[in-house]
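Each chain gets a letter, A, B, C and D, in the order it is written, and its residues are counted from 1.
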Amino acid sequence: MTEIPTSRHSAFQVLTGLFSLPAGARIGAGPMIAAVVLVLIVLASILAPLYVPYDPLAMNAMARLRPPSDEFLLGTDPYGRDIFSRVMTGGRVSLLIGIGAAVVSVAVGLIIGLVAGFFRAADGIIMRIMDSLMAIPAILLAIALVALNGPSLGSVIIAITIPEVPRVVRLVRSVVLSAREEPYVEAAIALGSSMPKILIQHLMPNTLAPLIVQGTYICASAILIEAILSFLGAGVSTEVPTWGNIMAEGRSYFQLKPGLIFWPGLLLSLCILCINLLGDTARDLLDPRMKKREG
Amino acid sequence: MEFKSKDFTDKQRVLKIRRLKVGLTGRPAAQPVLNEIDLDIRAGETHCLVGESGSGKSVTSLATMGLLPKDALEVQGGLIDLEGFEITNATPNQMRELRARRIAMIFQEPMTALNPVLRVGEQIEEVLNMHTDLSQSEAKKRTLDIMEQVHLPDVERVYSAFPHQLSGGQRQRIMIAMALVLDPDLLIADEPTTALDVTTQLQILKLIAEMQERHGTAVLFITHDMGVVAEIADTVSVMQKGRIVERAPIRELLTNPQEDYTRKLLEAVPNLAPRPPRSEAAAEDVLTVDRLDKTYGGGGWFRKSEGVHAAQDVTFTIAAGRTLGIVGESGSGKSTVARCIMRLIDPTGGEVRVAGTEISQLSRRQLQPHRKHLQIVFQDPYRSLNPRWTVARSLCEGPINFGTPKDEAMTRAAELMELVDLPRDALDRYPHQFSGGQRQRIAIARAVAMQPDLLVADEAVSALDVSVQAQVLELLEDVQKRFGIAMLFITHDLRVAAQICDEVVVMQKGQVVEQGPAGAVLSDPRHPYTRSLIEAAPGRHWDFANFRALSGAPTAQGATA
Amino acid sequence: MFGYILKRLLATIPVLLIVAIFVFLLLRLTPGDPAAILAGDAATPAQLERIRDRLGLNDPLYIQFFTWFGQMLKGDLGTSLISNTDVVSMVADRLGPTINIAVMTIVISVLLAVPMGVIAAWRHRTWVDFLVMSFSVLGFSVPVFVIGYILIQIFAIELRWVPVQGYASPSDGIGAFFSRAILPSLTLATIYVALIARMTRASMLEVLGEDYVRTARAKGVRENVVLFRHALRNAAVPILTIIGTGFALLISGVVVTESVFNVPGIGRLTVDAILARDYPVIQAMILLTAGIYVLVNLLVDISYSFFDPRIRY
Amino acid sequence: QEDEVTLTAVMHSGLRVLDPVITTAHITRNHGYMVYDVLTAVDENFEPQPQMADWEVSEDGLTYTFTLRDGLMFHDGAPVTGADVVASLERWGERDSGGQLIFDVTESLEATDDSTVVWTLTEPFAPLMDVISKQSAVPPFIMPARVAETSADETITEYVGSGPFVFNEDEYEPGVSVTYEKFDDYVPREEEPSWMAGGKVVNVDRVVWTTMPDNLTAMNALAAGEIDYLEQVQIDLMPILESAPGAVVEMRDPLGYVTIGRPNFLHPPFDNKQIRQAALAALGQEEMLATMQGDPEYYKVCGAIFGCSTPLGDEAGADIVTGGPDPERSKELLEEAGYDGTPIVLMAPTDVVSLVNQPVVAAQALREGGFEVELQSMDWQSVVQRRAQQAPIGEGGWNLFFTNWMVPEVSDPLINVMVNGRGDDAWFGWPEDTEIEQMRSEFVAAETPEEQKEIAVRIQEHVMDNVNYIMMGEYLIPQARREAVQNMIQSPVPVFWNLTKEAE
């Protein structure tokens, strides 16, 4: 007997499919290229210290703003530091910020969201607080937080994370709220499973797919926000090169020495492009509603 | 029973399908979805297309409408000829011209088939605006006129209503009005009544017949309900796995089916006559429901809202090894009662006593030890198992919660698989790797694993094909016999109720209107509501399984031969 | 409906209250001393102390909070510690440019993004879809200030179509306003277009699979009518939602574009105030932006019922 | 009204504080010169000249008599009287460090009639005229008495002066833009203008100051002719203007700025003189200046703590910083001092363009010189607050920060706050330096310029040895204007009288 799969379980099929790529799963060339490019950028960034020609912090006041040459592949910045070395090394921290912000906000949001989704009593208060956090403009909050803690890597990640958490909480909560109406959850209640068990074993896995998607977006936007924070003078210290602060330092030179913005910008945009593309693909594949049309 | 028996051979042929082949887009080598279909419908004829789920009924209708989802399905051969016009080669514009004028369609779900954000009158009128040059006021007049024809009340008001403000039956009437407003030659109806109550279904079937009479329309009617077929068909095609395996005039098909498949299909249709009562062993009561009340909602910050009285004053008992059925139309409160008993929701009043314990007031924590006495099987086999869990894990969840060691639970799970007639090695598979019927078996196994005293089955077979339905019902009986479980069986299908229940409770608008032994209630209903339910059951005079009229039915077999 | 709006408005009170307390505490924990910026580089500790006293910065925290809060309830947001001007009038001066540009951005974004998203969904998995999606992902991937610089370079410096910077209010002449507001709006719109186009596409894809779309086609309705009359209205709710929540992004973008294009709006005011620790101004600004955000989203929620009659409050 | 001439100027910072007495911010001082007038002012030779008043000094140097010239009038039409002058000087005396010194020896300050003010001292104060004629940081601007009676810890709320421009309160947007109208009743002096002295003849009708948060935007706006004047040009960006027709880049302020580092004397390791000297050795002016400015035309290696082109400037003992970094010497000194590797907390502001580079370059150089450095990034406000903390390093203290001064703000031992050695009462860093205090008293008492110079040189030598602060050199910031704007006065303070603007 053939059966048309309902949306619910196809989400799961696709999720397992995402990792094992069963026959028939169609992932276009775009996402494949994106994945390859992303992996290349990540590797190039992680391995940067092994191959960059200069210490990314070494200054040379007498060799400022040099044009690209054999000596300096992409030229030098206003401190006379090698742009190539800085850009390649800069990826490490930018990616760290992206991934860090994504992981932290997803983890924190997941916990709060599960609690809010499950404990009616806590829900009201938690959601009011989340609404409030969401209402505060992210950038302003970030500037204030960075001013509070000083612009260290950690505080930039925290500053980016805090406004993202409410979004994750809302997502998790809505998934929990709808999943808890599922017959299989009711069946679990009937089977005498305790609330924490239902929460963790039945409900939490449902949040995985949307969280993966959400995580990619947070990752991408964190890298961008880091750049904007640097632009506003509230970014990571210049001693720690990131794509964001390289661009911010180079912003005055946009017309005269576009390379200062172009190269980090290119890598940053490529990276975000790839992450977004993969996120979109994951979304198309994971979102049961997206599948409906084909199913 | 009276069948339609008009001869159409002299009528004009409206639809002619020949050797139609539909397959997955871009994969001509794959197993086709429709394989060499032939179909003829003549003016005024009602042709029914029956067959199990997934046999290709809907795809046939969509192909005829030129509405196949382009990126998934495509016509790979054959022709569809609509009064001399070849549909398979038509351009989108030609197709658009054709639709609504010459060929129209009604879909199953009146709920979703109407655009929720547009007024229903506008939706009908849109057809006129698209295809005619009528002025605004003329179009509106025509619209109101057709709405009158489909017996909508208070058409002026309904005209400017949104779909959600109408009942299911009214919505389906709107769909019909929309389909027929331009007087098409062919009407395709894909399960137009499946989502409706029996009583509403009867009205809609009558309406279609009436409209057909009036306009001489040819109708291609898709259904899986043999009762409906018996009521309305002139001719029938039976589909299986993308082929038409048998076609015949209705009487011939019901009395003398040629194909095994057809025969099987008919045999699986449960009989509306109650089965003979089972001996009433003096068993103790497992479930006692006393003056149960449930009101949804109410309260609210600013105003006290009224709340829905979903169940009022419901009282009944079930003894071990017996089955009590609750029947009634949609929204009558059946599920509410079941969920109160299961304590998935908290009753607002009354008592529920399971295996001697009053559970309606217990807290979650206090309730926990009593959970193993009562289990439930839900309607939707796709959603009642966690798709991420293996069958084994689902089967062990309950016993482990009550302290059974893991390996013991696993051994027991394996036994249960045998009990529900599934291979042991299926334990490591995931729900999506099973068919709907198999999944429902797993759900039953999961419930039985707890060795409950009471099993609640809320529409447990309603989502299944008749043939599968029969198997699952059999399994339930078997399990009940073996473990002496008391069963609360909820259904809106009187045929099913007649075949499985010892006692029946009839609910309407949250209240019990009639209750008693199944035989008494179903063959000699006292309450007008029960009576109307039974009268509305399509094909109720026919004993499908035995290819003959029901004995003792008012109209005898052969009366209209 | 009225009851609902009232209820929602009341519900914003706790939200804004939490925002107020949160921001107040956050600011007082942040290092920085407005007295020091006021007095300049050469001030002596005694002078600073006296100025702090004057500004009330030496009072216990809760007294500062209740003083501020009490005044706020009376509609008095205080005076700037630095410039000594009334915060309300300061904010009022700066609100116009931001709001005008924000509105223009939203209009541009919706006009561009919605058709883009609709067409992408309609031509799902074709090159059109690919193009639209690539553009929208790209709009998401380039920092706002870079987009701003590029637009200035092309339209103001190379082509000389519009001025490099500045702001003129519509009352100074529509031409003057548009020529200066267009680049900042476009800059801001890139993110917004990306966001809306993406959501439109997703929502449309979902809706296009619905039965009533099939019904419409079965009626012989023209494709553009199917898309825009039948599908789009049903897809509207998530699109509206994203316009509402995306507003937060817009506010973030405003901070940057106002710098790049030298627009005297509230974004810059807030950043300047934060960097100068001008507490009354920061508090007022964050409350204001939070209030606007909440209000915009309330409007969005109310507008749902305009698009979808099933939603009634 | 049509041929009204408006000059649009982009200033280095937004005007937020309108009280030129309460703050030392340059933009507010510049605002002061627009709206207010001063009694006397130094000219380009650092010579005090009469502006609102002539003065006479008694033989014993104890009595100064000021006579207001005729025709002085506030913007509200009231004449300027001696009472206004007294009130203004008294308020200023509470805020200005030089003023405080004078008031310490003041017996009386009174208006004897509407146009005469007599200032009587208890002991002679030779530099009195220099102090009240100074250009920075806080010159004594003359306000109406009712305004000047505002407490010196509170900002004034009425902005009426007697200067050549009238402040337009309606069009003032704090931090964004400020508009000044020509004061038609202002009577300029007859003399040629020289710095803040001489005739202030206004040739435009309105001056609008705006700020642009983005340097590049400001440059492009000037290139496109959208603005008339740009106070500060980022050197690296000058090529943008070089190719723009109608734009001129030039120097206005020949003295320029100094950039300095200030160690904290309270905590290790900079409580140790040898370690301070090591830092001095590790740093090199050229490296830092080149990074800040790029083009050598716009910076000057200069070891004179009072500025290389000022009368008191002298480079005695400065080769240690002017001669380039000497990491070896630094290491030796650290070795001798027994430096234990405690990291130096170096505060690095991220949001003030002119202060971003120094800490970064310094951190690198100090590390090479054997120091452990912890570069702590923060916004300027945090620096401002933190540098006032005397707490130990672990509790929010600091070791080193950098800042800039205009040369006239450091040009003598009374004005230059960094040579104050009064411990807790000294400027941030709090050196307890009795020797330097002694020399400063001698300086006040000195009677001739030669004597003053000799003391200044001793202070210079002392500062180089004791490392009261680290002089990192001088730099210049060019300005840019449209060609149509001409006749701008050459001076450290940008002023808008005298200049003319032709139609473009």
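The working rule: a residue touches a chain if its C-beta (ideal position, glycine included) is under 8 Å from a C-beta of that chain, and two chains touch if they have at least 3 such contacts.
Chain identities (UniProt): A = Putative ABC transporter permease protein; B = ABC transporter ATP-binding protein; C = ABC transporter permease.
Predicted model, so just to flag it, every value in this text is computed and none were measured.
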Chain pair with more C-beta contacts, A-C versus A-D: A-C
Computed distance of Cα centres, chain D from chain B, in Å: 88
Rounded Å distance, chain B centre to chain C (ABC transporter permease) centre (Cα mean): 50
Centroid spacing, where centroids are CA-atom means, of chain A and chain C (ABC transporter permease) in whole angstrom: 22
Overlap residues in chain A, where contacts from two or more other chains coincide: 147, 232-233, 251, 254-255, 293
Junction residues of chain D - those touching two or more other chains: 214, 216, 220, 351, 378-379, 381-382
Per-residue multi-chain contacts in chain B, two or more chains: 71
Which chain pairs touch, all of them: A-B, A-C, A-D, B-C, C-D
Complex interface listing, chain D residues touching chain A: 214-216, 220, 234, 236-237, 239-240, 286-288, 290-291, 294, 348, 350-351, 356-357, 360-361, 363-364, 375-379, 381-382
Contact footprint of chain A on chain C (ABC transporter permease) as seen in their complex: 14-16, 18-19, 22-23, 26-27, 29-32, 124, 130, 133, 137-138, 140-146, 149, 153, 157, 198, 202, 205-206, 208-209, 245, 248-249, 251-252, 255-256, 259, 270-271, 274-275, 282, 285-286, 289-291, 293-294
List of chain C (ABC transporter permease) residues in touch with chain D within their complex: 31-33, 36-45, 47-48, 50-51, 53-54, 80, 82-85, 90, 93-94, 149, 152, 156-157, 160, 163-166, 258-262, 264, 268-269, 272, 275-277
Footprint of chain B on chain A - complex, ascending: 1-6, 8-13, 182-184, 186-195, 197, 202, 205, 293-294
Residue numbers on chain D that touch chain C (ABC transporter permease), as the complex places them: 14, 16-19, 22-25, 95, 97, 137, 151, 153-155, 157, 173-177, 210, 212-214, 216-218, 220-221, 223-224, 226, 351, 378-382, 384-386, 388, 403, 405, 417, 424-425, 427
